[in-house]
Amino acid sequence: LDDAIVSDGSDVLLFLSRARTYLVRAKAGEKFHTHKGFIDFDQVVGKRHGDVIHSSMGVPFALFKPTPYDYVRKALRATQIIYPKDVALIVAYSGIGPGSRVVEAGTGSGALTSALASSVQPNGRVYSYEVRKEFFARAAKNLARAGVDEYVVLRNADISQGISERGVDAVVLDLATPWLIVKEAHNALKGGGRLVAFSPTIEQVVKTVGAMDAGFVDVETIECFLRRMKVKAGSTRPEGVMRGHTGYISYGRKIFR
Amino acid sequence: LDDAIVSDGSDVLLFLSRARTYLVRAKAGEKFHTHKGFIDFDQVVGKRHGDVIHSSMGVPFALFKPTPYDYVRKALRATQIIYPKDVALIVAYSGIGPGSRVVEAGTGSGALTSALASSVQPNGRVYSYEVRKEFFARAAKNLARAGVDEYVVLRNADISQGISERGVDAVVLDLATPWLIVKEAHNALKGGGRLVAFSPTIEQVVKTVGAMDAGFVDVETIECFLRRMKVKAGSTRPEGVMRGHTGYISYGRKIFR
Amino acid sequence: LDDAIVSDGSDVLLFLSRARTYLVRAKAGEKFHTHKGFIDFDQVVGKRHGDVIHSSMGVPFALFKPTPYDYVRKALRATQIIYPKDVALIVAYSGIGPGSRVVEAGTGSGALTSALASSVQPNGRVYSYEVRKEFFARAAKNLARAGVDEYVVLRNADISQGISERGVDAVVLDLATPWLIVKEAHNALKGGGRLVAFSPTIEQVVKTVGAMDAGFVDVETIECFLRRMKVKAGSTRPEGVMRGHTGYISYGRKIFR
Amino acid sequence: LDDAIVSDGSDVLLFLSRARTYLVRAKAGEKFHTHKGFIDFDQVVGKRHGDVIHSSMGVPFALFKPTPYDYVRKALRATQIIYPKDVALIVAYSGIGPGSRVVEAGTGSGALTSALASSVQPNGRVYSYEVRKEFFARAAKNLARAGVDEYVVLRNADISQGISERGVDAVVLDLATPWLIVKEAHNALKGGGRLVAFSPTIEQVVKTVGAMDAGFVDVETIECFLRRMKVKAGSTRPEGVMRGHTGYISYGRKIFR
């Protein structure tokens, strides 16, 4: 259980509140400054994950071991539209698990890639396509830092030009024109394999589901609303602020035509 | 790729429509009768998963390799309130993956157990508690048939009397009085480990979140609505029938007090 | 306060439960049979609205004075897709009130017509267009029975062929092709008057809002979800059954081009 | 149709966008300054409601005749939690119309009062109770400016101390402790009259519905979600920003016990 201890030079997630977490390297002799005072890493090194320490202003911070998802979330740009609820449902509807082989496009900053990689490790693989050079480099770095890069094969290629893999368990699409990839995804999938597409607009959904008409059954499109509750005895209520829409998830299972 | 072929005596999922699927054993020389005509297994054996065959009435059925989840869904009772969307989010919020050790209660018919087991295989374990004898026996059978029993340790015990495990990554509760287990769950969890509780009523949520006040941070309660779309160019719309509520999901991360 | 008493020969709403209400004529000397026993009208006549009487089987029924809306709801066919929540929002977004002049199409069975008429009485008018002969006759009868016919001018005409009225406060459309009526509605409306369209599909919305681009500002499309709660101390929760979709409401205000 | 023209000294709503409207007095010879340039009222006076004029920077503004609701919305404080959707549903579920007599509490800034008054005019009345002196004065001013004060009787009194009216058609409660008023509301209502309560928290709902157990039937609690759509051919989707919760609406009909 050595990994229960924060060792010198290891990464740690400092948790102040849901909205305020800091993913930092704990180095003995150094300090980390926040708006709630500084954290003295001499106090952090040797503590357990789950311990609570206090800043110089006496404010409590919990120490957690970062998960792969924590790394990637930190690396996400604000423009990213995919949400944890969508990642959870996409992974679930793709039907994958440890050992699965998955094709994904586009990689983006690697958030969905990381979740897929976590699910298929240690024997499975994610083949992730990203045509945009600047995203490709950033994603590679993010996945390495998160420690899931060994389960991912990054391809700096345009997936609409072809998929190199065959017999894969799932193809997951998070790009602007998923309907253009449906035929090639069918070629790459094994019989019964799942195609999952995430799309913000209805017109994308109509085109993609239309393209799946031949070659897929069990085709369905869903939308997920997630609402937080403010829970407190005597004044419990749903939260007033809510995300109204992220995107639609369409999926189906390959048949041989 | 031998497993791409339906072999004699293996299980196969006959897919007619989302609402009509049959999980059967394909035995050469035998037949399976449906309201759309019978299926001749001599036609099925040797086909690929993903192939489409026709019943005696000429109705197409797709052949799929059953997933663990297909088995358990077939075994579920109608009284089961947990839905696939909830299973997906519970697995995601529990933060588990291949290799994780998870405590679960109650086992019920094993639907959630099966999903958890699929996620932690091959090195992880699910320790699943079920006090009700009749459920316990049924769950054991369902998990064996689904092929995930080797990743599950079933405990025919009342979890409120104590959890045998220590240092686990997550505790997942789907039972009537989760607040009574919070303290024991804290003992069983490693630092930073997640407690996840699924509860249909608001009063359960208020009590459980109240009990988590000491010993957990990052505590949140969410509700997920899932709506299907009817997608067809020219008449696209959300489906009129929708599940209005299944349950609330509450979760948090253990800190040392 | 004479109208507080159920008089001989007047209509009364017998309320058993939300799902079981009976709108009947209370005639002294007669009986009304239900699956919970019969109601003796000699017991009903002379009672107050709001009184509770008992059937021959001892089951309690409350006596209510029927509202216009009760009449029309009773006359509705199951195929009707518009719901009370939609009626409420359409009336609100149309900006009408006592004295307003409103054009409506199609009349259908008169449910929305009745709500509009109730809002504009006693000096306002609803001009309601219905091209289908069989609906027209039924709507006329329903509105008369509900006692709101004097506030409605029924037109057995195809509104796409033209609107006779000018300078109206609102045009409300509940028909299959609202986008074909937008130009004529603009002609009929006064400056600042509201166009409101109710449409089940997204394609209808896109066409209608597109047609409103010229001639309307403050154009918006909304969707309303309504969920019932099961309220009971100790087991409060949202209801499991929920209507997932009825239709979209689009509206805007006329400007002179 | 004289009221179709903006006359000198009358109020006008300058509409730039949904988020930018200005309710001002149009006085010949004066100007109104906005971040999009100034409006010259010499250009405005004599124009029709519905006309579009241009600011000094060439930006178009539509001219609309203010409705009572526009006045009150402008007077609302940001702390107000009630939304137009809620106002629409409360009015609808209260079953009121032209001629109805309604008791309301608390008045607040008068938004709901104004909507109720618009619905019951010209013969009905709203008896609105407000115990807080500072709100009372402000509400009186708002209702006068909106031109609906003649349909409202403002009572600067604590409604929990008693309701002066009897035989009213509806009692509408938008205050912190509706359950304390249920008995007195029952006294004030005519048989079959409606009690409607708007409450943000679940605990308020449980207490209020519990108190309605005796004396009311047809008791129901609902919640309404409203979502806007971004409608544009080729990129139609629901809006990302959505109000997750405002409050629950509980209602029922009085019976004589």
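Observations, loosely collected:
When the chains are written out, they are named A, B, C and D in that same order, and each has its own residue count from 1.
Here, contacts are C-beta pairs under 8 Å (C-beta built on N, C-alpha and C of every residue); 3 or more make two chains touch, one makes a residue touch a chain.
Everything numeric here is computed off the predicted structure, so don't read it as measured data.
The fewest steps needed to get from chain A to chain C, moving only between touching chains, is 2. Each chain gets one centre point, the mean of its Cα atoms, and the points for chain B and chain C are 44 Å apart.
Between chain A and chain B the centroid-to-centroid distance comes to 21 Å (mean Cα coordinates, whole Å).
If each chain is reduced to the centroid of its CA atoms, chain B and chain D end up 47 Å from each other. Annotation for chain B: residues touching 2 or more other chains are 202, 227-228, 233, 236, 238.
Shown here, the protein chains touch around one cycle, each chain meeting exactly two partners. If you check each pair of chains against the touch rule, the ones that pass are A-B, A-D, B-C, C-D.
Partner chain B is touched in their complex by these residues of chain C: 200-203, 227-228, 233-246. For chain D in complex with chain C, the touching residues are 1, 4, 15, 18, 48-52, 62-65, 67, 69, 84-85, 87-89, 91-93, 95, 97-98, 118-119, 121-122, 167, 190-193, 202, 205-206, 209-210, 217-218, 220-229, 231-233, 236, 238, 248, 250, 253-256.
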